[in-house]
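Per-chain numbering from 1; labels A, B, C, D, E and F assigned in written order.
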Amino acid sequence: MFYKFFQSVDKYLSFPEAKAHCDIPCGIYDPAPAQIAALTVVRMMDLMTALEQGEEKGRLEYHNTLTRYIAVKEEHAEKAKHEIRVIWGDYIKDTHLEKHPDLTMLVHQIMQLGSNCKQTINREHGLAFVDAINQFAEIFWLTKNVKTKKAKAPYAPGLEMFYPDL
Amino acid sequence: MFYKFFQSVDKYLSFPEAKAHCDIPCGIYDPAPAQIAALTVVRMMDLMTALEQGEEKGRLEYHNTLTRYIAVKEEHAEKAKHEIRVIWGDYIKDTHLEKHPDLTMLVHQIMQLGSNCKQTINREHGLAFVDAINQFAEIFWLTKNVKTKKAKAPYAPGLEMFYPDL
Amino acid sequence: MFYKFFQSVDKYLSFPEAKAHCDIPCGIYDPAPAQIAALTVVRMMDLMTALEQGEEKGRLEYHNTLTRYIAVKEEHAEKAKHEIRVIWGDYIKDTHLEKHPDLTMLVHQIMQLGSNCKQTINREHGLAFVDAINQFAEIFWLTKNVKTKKAKAPYAPGLEMFYPDL
Amino acid sequence: MFYKFFQSVDKYLSFPEAKAHCDIPCGIYDPAPAQIAALTVVRMMDLMTALEQGEEKGRLEYHNTLTRYIAVKEEHAEKAKHEIRVIWGDYIKDTHLEKHPDLTMLVHQIMQLGSNCKQTINREHGLAFVDAINQFAEIFWLTKNVKTKKAKAPYAPGLEMFYPDL
Amino acid sequence: MFYKFFQSVDKYLSFPEAKAHCDIPCGIYDPAPAQIAALTVVRMMDLMTALEQGEEKGRLEYHNTLTRYIAVKEEHAEKAKHEIRVIWGDYIKDTHLEKHPDLTMLVHQIMQLGSNCKQTINREHGLAFVDAINQFAEIFWLTKNVKTKKAKAPYAPGLEMFYPDL
Amino acid sequence: MFYKFFQSVDKYLSFPEAKAHCDIPCGIYDPAPAQIAALTVVRMMDLMTALEQGEEKGRLEYHNTLTRYIAVKEEHAEKAKHEIRVIWGDYIKDTHLEKHPDLTMLVHQIMQLGSNCKQTINREHGLAFVDAINQFAEIFWLTKNVKTKKAKAPYAPGLEMFYPDL
């Protein structure tokens, strides 16, 4: 049993007078940047595959393009992991975890899937990464009593995403 | 007149085989992170005002909290400026500018408003910053033929924002 | 239940030919940077208290020093959180979690304690942060079959730390 | 027309007592870092070409060197874009734009040329990038009533640059 | 005596075919960014003093402005130290050190002066920092056989600087 | 002779009341992160060699993996250089340099070796980098009167390292 005595509310960015029973969301947490980043990972995988199948370019041009795709994929996989860590670590409280006991395991899977996306160009990993982050987004909005809907992202790769239904 | 001869399409992150008449959006550009960042700027101004009006704390606690609000305000004003620069500089082409001749002046105003937000804690500047970025978002989605709607942001300060209507 | 089918080993930085039964640690993971960062957080709290109790300085000098302490505290609390996230998210596998079922809750507490350390100058939070990270370090070295020992850090604040006994 | 009512001077880094009619340059803006960064982009293109034409190395050595050139090219193209954005967005006021109506279009072209430099190893793009940034530098120094001169950069690729004539 | 056997030329950014007797400077090293950064440090000190002596503002405005000055001072002192480290560590070779035996001690003093500038708002430290970096710049250009001149910087604080005489 | 008159103690992170004759180390300096980073450089070299000798993969997978190794090698060589610069520039005083007259030359060699490690995948350079940083660590702990011991790092590449004997 760890640190049960440290269950004071994480007040990062919250109103100083926020009460323990405060139902109003005080911080600005939003899974959208993580979702965009995960889509970008899949997009980069698709661009890499297209590059490989496209007509031959010069070697320097090929490597210039490929290296940039790899770097963007790496950076956005990391960004998605970071964003999820921040929401889970700063916003999610023990009371949330009691209601959503699988949430932490989901976060751990997101971290592992992000690593898989960095290490490979396997689109299955990319899709699973987007999917897991969408599940996280759904639970997140649930904790805030904001309805969600599914809709296609308005840019390639155009995957179905969870968005708040505002 | 500058560099008329360099009107080649910005292909950053686009499909290598993209044609000049390509109607499919290829890059992942989204004004959402800029909008979230601008909301965060207003939120920090509100928290600073609340801190000033709240009950007295110790001097160290006061400065610890205030300095963190200032730093988050600074960082997010800069982030919003950067995100808008990327969309305007990388995605917006001369053909867009012909259809939206005020767009570039809007971008310049966003930069100046972002500076105002950094330099003051004047909520009017914050609201104008959000407003200008919303106008940018509206035009951006227009160039992609994505309908927009107005809705309140699902977190404080709960301002009306332009969102894609997916 | 999430993503049970993605339990492939996180191979980040590992030997490509590493087998599933590989007993040799392949990645370079080390909790030392997180431990140093957590000690720095406590150190900054101590310096802030000393500054407050010390002889009066000019207002500019006071704020210059205080702001720098706050910034270093913030940065190192964040660094510690990041380092723990990397080890937990990239190195720790489901098999580790089965043996150490409390580990993930410990990681969540580290995140919350790190937030507390950012938000306050309460030394109790700093000590609890160091303590939790030490517990994490102990479990980490256990998973690698490296013996640990307790010893005082060779610099202020000189707290007892878990080190590998090499 | 946007935000005409926000024409207050950008006071970032300026003297607090600066008057609206202040003729003294108060901020430290200097296009030199952007110019150095743009030269670095051309230099990297030249090194990549030299690498391709040089004697064969081992594959790992080749990729190690090439990847580093690509990364430096990318980083400096981005740096140049960022520096120009800062001067244009923070220092340049509406009164400057009235005197130099093409300036904003030049800035947009710099952004597009920077993208071209990232996406290719085409030296023509690199030269145009340097040229456009030189034009920006010339206008910038003009707004400050500082005379400029043309001179060769004292390092490869030794292009003609605009420098303040101090 | 350390590592005499590792006196191979640092080829970072240099032409792959550069010979040991190569007299042509191949890399793009320039002390200008370090000089600009050091001037910025003095500028921030001056702005802080002016803020303190100016008319009273609200407490939040005062701290917002002061904290930003402190952050810019810190950042640019660090930037100057970093830039000097890069030139000294990457460009300067043992043969340079033989001709300029005091150079390394100068670099060490620059590091210490940079720390003083971070820790205080003492303008004497700022001036000494600029002075030391100017001395470094003079020696640097000497190693490249580029003549230098003294001239006032074209922006506040308008100190005398060493520039290459192109 | 440079700046002999600036021999005031670097007080970065030290107790404000620290006296010139203070024997107690006040700052948190630790060469461990530099040592871990240098080990990582060697590790990446080993992984690159293993990749080259391993069974053939697809071209995209090969480049994805290789580029990531190169990036990690680059980043950690830079990190090690930065960490050593900080300890040498901020902690080491003239009195230390009098007792350890070769120290500064060692630091210069570390910078050059770090460049060699970035530029090549030559394991000899990596080993020399680790070795030089170990020598630095030994001297550092000596200045703090902390005994050191040699022990194998508890992860690949398992080199002998200097650790404080706590």
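Please note the rule applied: a residue touches a chain if its C-beta (ideal position, glycine included) is under 8 Å from a C-beta of that chain, and two chains touch if they have at least 3 such contacts.
Worth saying up front: this structure is predicted, and the values here are computed from it rather than measured.
Enquirer: Under the touch criterion given at the top, what is the topological distance in steps from chain B to chain F?
Expert: Tracing touching chains, the least step count from chain B to chain F comes to 2.
Enquirer: Any chance you could name the chains that touch chain C and chain F both?
Expert: Common contact partners of chain C and chain F, which must touch each of the two, are A, E.
Enquirer: Per the definition at the top, count C-beta pairs in contact and tell me whether A-D or D-E has more.
Expert: Result: the pair with more contacts is D-E.
Enquirer: Sort the other chains by how far their Cα centres are from that of chain D and give me the top one.
Expert: C
Enquirer: Are the interface residues of chain A and chain C largely the same numbers on each copy, more than half shared, or largely different?
Expert: Here the answer is same, because the shared fraction of interface numbers exceeds one half.
Enquirer: Which chain's centre, taken as the mean of its Cα atoms, is farthest from the centre of chain F?
Expert: B
Enquirer: Report the inter-centroid distance (CA atoms only) between chain C and chain E in whole Å.
Expert: 34
Enquirer: Rounded to a whole Å, what is the gap between the Cα centroids of chain E and chain F?
Expert: Each chain reduced to its C-alpha mean, chain E and chain F end up 23 Å apart.
Enquirer: At least two partner chains per residue is the criterion; list those residues in chain B.
Expert: Touching at least two other chains: 63, 65, 67, 71, 118-119.
Enquirer: If you go through all the chains, which pairs of them touch?
Expert: Pairwise, the chains that meet the contact rule are A-B, A-C, A-D, A-F, B-C, B-D, B-E, C-E, C-F, D-E, D-F, E-F.
Enquirer: Help me check something: in the complex, which residues belonging to chain E touch chain C?
Expert: 48-49, 52, 63, 66-67, 70-71, 73-74, 118-121
Enquirer: Provide the residue numbers of chain F that touch chain C in the complex, in ascending order.
Expert: Residue list for chain F touching chain C: 13, 15-17, 24-30, 32-33, 36, 39-40, 43, 47, 50-51, 54, 65, 72, 141, 144, 146, 149, 151-156, 163-164, 166.
Enquirer: If we count contacts the way the header does, which residues on chain C are in touch with chain A in the complex?
Expert: Residue list for chain C touching chain A: 1-3, 6-8, 10-12, 81-82, 85, 88-90, 92-93, 97, 102, 104-106, 108-109, 111-116, 118-119, 125, 128, 132, 135.
Enquirer: Using the touch definition up top, name the residues of chain B that touch chain C in the complex.
Expert: My answer: residues 59-61, 63-65, 67-68, 71.
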